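Labels run A, B, C and D following the written order; every chain starts at residue 1.
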């Protein structure tokens, strides 16, 4: 900013200013943005809860349509990516730039793996006949219905809510991975020092948030 | 054209108009106080040479007064309204002896299913008429609202009754017509291009006329 | 179960005309005529309650009845759409006539009840009643539309893809239904009260002709046409 | 000029190397972005007005060809006669444009962007680039919404509230691409509004000038702060709902499809959970600006600053728990009707407090009725009527009669037109010199105010009477009903008054455009206001201050006893003023 408020240390609220919150602007901005994201996912999850409790038929049991072991591993991958994010943050706060770049790369790879696994899962599900519009006739899914393991009545809702929630979470993870790549490239160019690693902390906040949302989603969509 | 609420043709009308008048008086007083106050202050305190404004940051006592009074008034209004609301729309407000009429709303017309001489819906002697609501006078009538496609709203201004017909739900709304005559019903919820045309002729019969009408309908006679 | 009475009277006489040229205005050429008969119990058509729509009600002396099954005095089934389903020379194109096909809403009923139109030809939807009708075409291959006509007016529409039987309906009057077929060629006809139809100007060749009725489904017949009259009759049986 | 003006402000000496594009098109200066929002939103305000005139024509002269209607295509108005589906498009798009693309951007986009850094003494927003992205996303959203008129089968037609299943099923509404455009545009607008809100919140919290404590902030900034929080938390819910509706229309999902287990009331709950905070987003900034302007016009500190702040925050909290009063008759559980009625009754109290405090401010004041002050007092007068008519709807039995009738239309126009738009006329006139360095014409402003006040009441007060008679909303041709035929003269009268109201607005447009070029050169502090923004030259330079000012007192120190003038800028030091405490030592 050409008119950056003259601040001695970037990682503190701008000076001279009336003391607001003791966190610098970018971090405060990310916290406020995450509040709006919480409301966005609350809207989607709230709709899911209402639709599920008001569903005319019996909701699909876990692991009948969705592959829980695969997504279990996928969840573990995402948790690992959070761990590697913390490692990256710890590295730069100790001044280890190379460590930062390595851990950022690890986070990117883990995040990308998560998204691709989810992409493959989507492709397989749609191929099996489970789509956002419900169960396509004459597919593997309808055989499950025939065998009575699955109720057809709530199929439409099951598909709609599953794809919308996990789809938007996947979208947010993808955006996270893109931002991580940007931060990673900047870290390679020595963009972050021990005095100023705001970008790492901010993207770390976002990443942990996305991970937390997935844990909630994984529980309510896959496990119960 | 009248400048007041329409004809009071149901038991609800008396209570609702009374509540309406009460709220009108209360809000009327507030309206006069504020508007007259604004005009009076504007004239009395308008800037004149040598006039100085009185430097004050407020008066806590005044704040308390004009917080408490509105708060008490509106909460009182709320409790009174709730009393009537429970009677009119409460969970179990539909009187048991109500005369059932099945109202099926669909895009741009109403289908009324009458119980027929046996007085019970779902029996073989029911008959369905399009866009015509016939009710006996001074008897509780429950309207069982269903909708085929979009949200419509069953609204008879002279009965002061309104209830949305929601696809996927069966909603019961009751009223008791008190004045025989011919009135109109309109759809009050936007339901598409023919929304303005969803008009129903409402006829309130005396009990004798109503029984005769039911008999003629049962034999398949037309209007 | 609807029983199919497939009575196929194919007159053997075939009179050849000469090599059929590709696309030419079919002035002469073979004609296929026939009659669609109805056997079995004639269903009683329910009365339509138009009491609330006085503008339409007063256009009828006797109370109007549903038009889905109309059997003529001689047992002929009306409103059957007969058209050439297959067998036309490949690549033959037939220009859409400029004159629009009219469908009128008079007395809160569609006139005609079943009609055909060519791809690209204009359908002129007229509103003789002067009150609100909305026309909802629940097309699948063509773009569906849902337009309204609050007063006496004419709304033109055209269709881009052949589609046999687009249901037309009016939502303001739930009983109003019509059936529209969009075809790439002019060889179609709707049976009249006596159940007779005639497809004129067919270039010689073997054709499958389909007869469609809104309640009793479809029947097909294969007819080889040279020049001169051919007959193909159909019989639908009420259950 | 009073001797107390701060030392003549020097234009910042640094060399301004930004190109024209960077300076005016893709600008990151909060003031330029504010002005960009101003021009875009005034355009959409005018468009919304044109749509309203067509609605009024059809209601005043049902079925007759509309003058100038010939330019409309056959599918909308053959021979100039408006078709029912076009009428519903008009109703839908009038509501959508006015709420989402005129009033909300005018209040939040323009005045939050323009005023917040100036009034709290900051160089610029916390995130200038995100601020620019917020404008261009709003521009894109507006373009998509405007384009929806020209897509096949026309624009969306399910009311600006877009109730499912009418909005979710093209075969029932007749519009397919139009509905999809509406959803995409609303999601984009949600994104733009979220980006804006997070900017305003971060700026207000962290970038206030030294000495500008929370209770020395002007009430307009308090209002914009609470509005930003409401927008931040409400818009994502609408975006989520619009996405679900979009998927129902395109991917064939079943969120609102009752046939496959979807719930129709889910849309209403989600929409109104956003909807009510939204209507407070549409009124709070207006209240804030009016508070500043009435204090300035009365040359007297605002009456009860702290209770005004608590009222604003109270409205912010209560706004989240009242949404059910839009759904009393929707088939929702009646016991919810009782709870939402009580919370709705309570929310009338903060508004009452604010109105009495505005009156308290004028009491024993030294009232200067410049044009902004006139419009501000007009705001209070009309907002009271809107607020009081809200009490009728909160009483559920009365709502049974007047829900979805013209009583509701009257109420919402009294608070939106009588409220927000009068506040906007005041705000635009008040800060016009700060934006463009010129004054708007005073006599034209007064004529415009009085004519607008007159015609506004002639248009919208009779709608209360129509509502009491049971005249339903969004009716294409009321003469279908016998009992409404009797009210047709009133509809006719309202239409004529509406045309006059629309014509009056050309006074404002002319005044605005003429003053842009030939307006009187504005002096340093034309309204003799204490705000920090008036310590800057007009129009304010890029980066505002060279060095952030220090604040010693509240914003409303008018007629300070012992002060040489009847105003005293926040940044002027009096002998016994203490310097604000230095910033705390580095945190980590």
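The rule is short, and it goes like this: a residue touches a chain if its C-beta (ideal position, glycine included) is under 8 Å from a C-beta of that chain, and two chains touch if they have at least 3 such contacts.
Only a predicted model underlies this, so the values are computations on that prediction, with no experimental measurement involved.
S.K.: Look at the interfaces B-D and A-D and say which one is made up of more C-beta pairs in contact.
M.R.: Higher C-beta contact count between the two pairs: B-D.
S.K.: Which whole number of Å gives the spacing of the CA centres of chain B and chain D?
M.R.: 31
S.K.: Distance-wise, how many Å sit between the C-alpha centres of chain A and chain B, to the nearest whole number?
M.R.: Using C-alpha averages as centres, the distance is 48 Å.
S.K.: Express in whole angstrom the distance between the two chain centres, defined as the mean CA positions of chain A and chain D.
M.R.: 34
S.K.: Compute the distance, rounded to whole Å, between the mean C-alpha positions of chain C and chain D.
M.R.: Once rounded, the distance between the two centres reads 57 Å.
S.K.: Going through chain C residue by residue, note those that touch at least 2 other chains and give them in order.
M.R.: 132, 134, 146, 148
S.K.: For chain A, give me the residues that contact two or more of the other chains.
M.R.: Expected reply: no residues.
S.K.: Touching two or more other chains, which residues of chain D qualify?
M.R.: In chain D, 83-85, 172-174, 262-263, 476-477 touch at least two other chains.
S.K.: Pairs of chains that touch, anyone?
M.R.: A-D, B-C, B-D, C-D
S.K.: Show which residues of chain C lie in contact with chain B when the two form their complex.
M.R.: Residues in contact with chain B: 47, 49, 51-52, 63, 132, 134, 146, 148, 171-174.
S.K.: Which of the residues in chain C come into contact with chain D in the complex?
M.R.: Going by the criterion above, the answer is residues 132, 134, 136, 138, 143-148, 150-151, 153, 155-156.
S.K.: Give the list of chain D residues in touch with chain C in this complex.
M.R.: Going through chain D, the ones touching chain C are 63, 74-75, 78-79, 81, 83-85, 152-153, 170-174, 476-477.
S.K.: Chain A touches which residues of chain D in the complex?
M.R.: Contact set of chain D toward chain A: 14, 122-124, 126-128, 130, 194, 197-199, 201-202, 204-213, 232-237, 239-241, 243-244, 247-248, 251-255, 257, 260-263, 266, 269-270, 542-543, 548, 551, 580, 583-584, 586-588.
S.K.: For chain A, which residues count as touching chain D in their complex?
M.R.: 1-3, 5, 8-9, 11-26, 28-29, 32-33, 35-37, 39-40, 42-44, 46-47, 50-51, 54-57, 131-134, 153-157, 159-161, 163-164, 168
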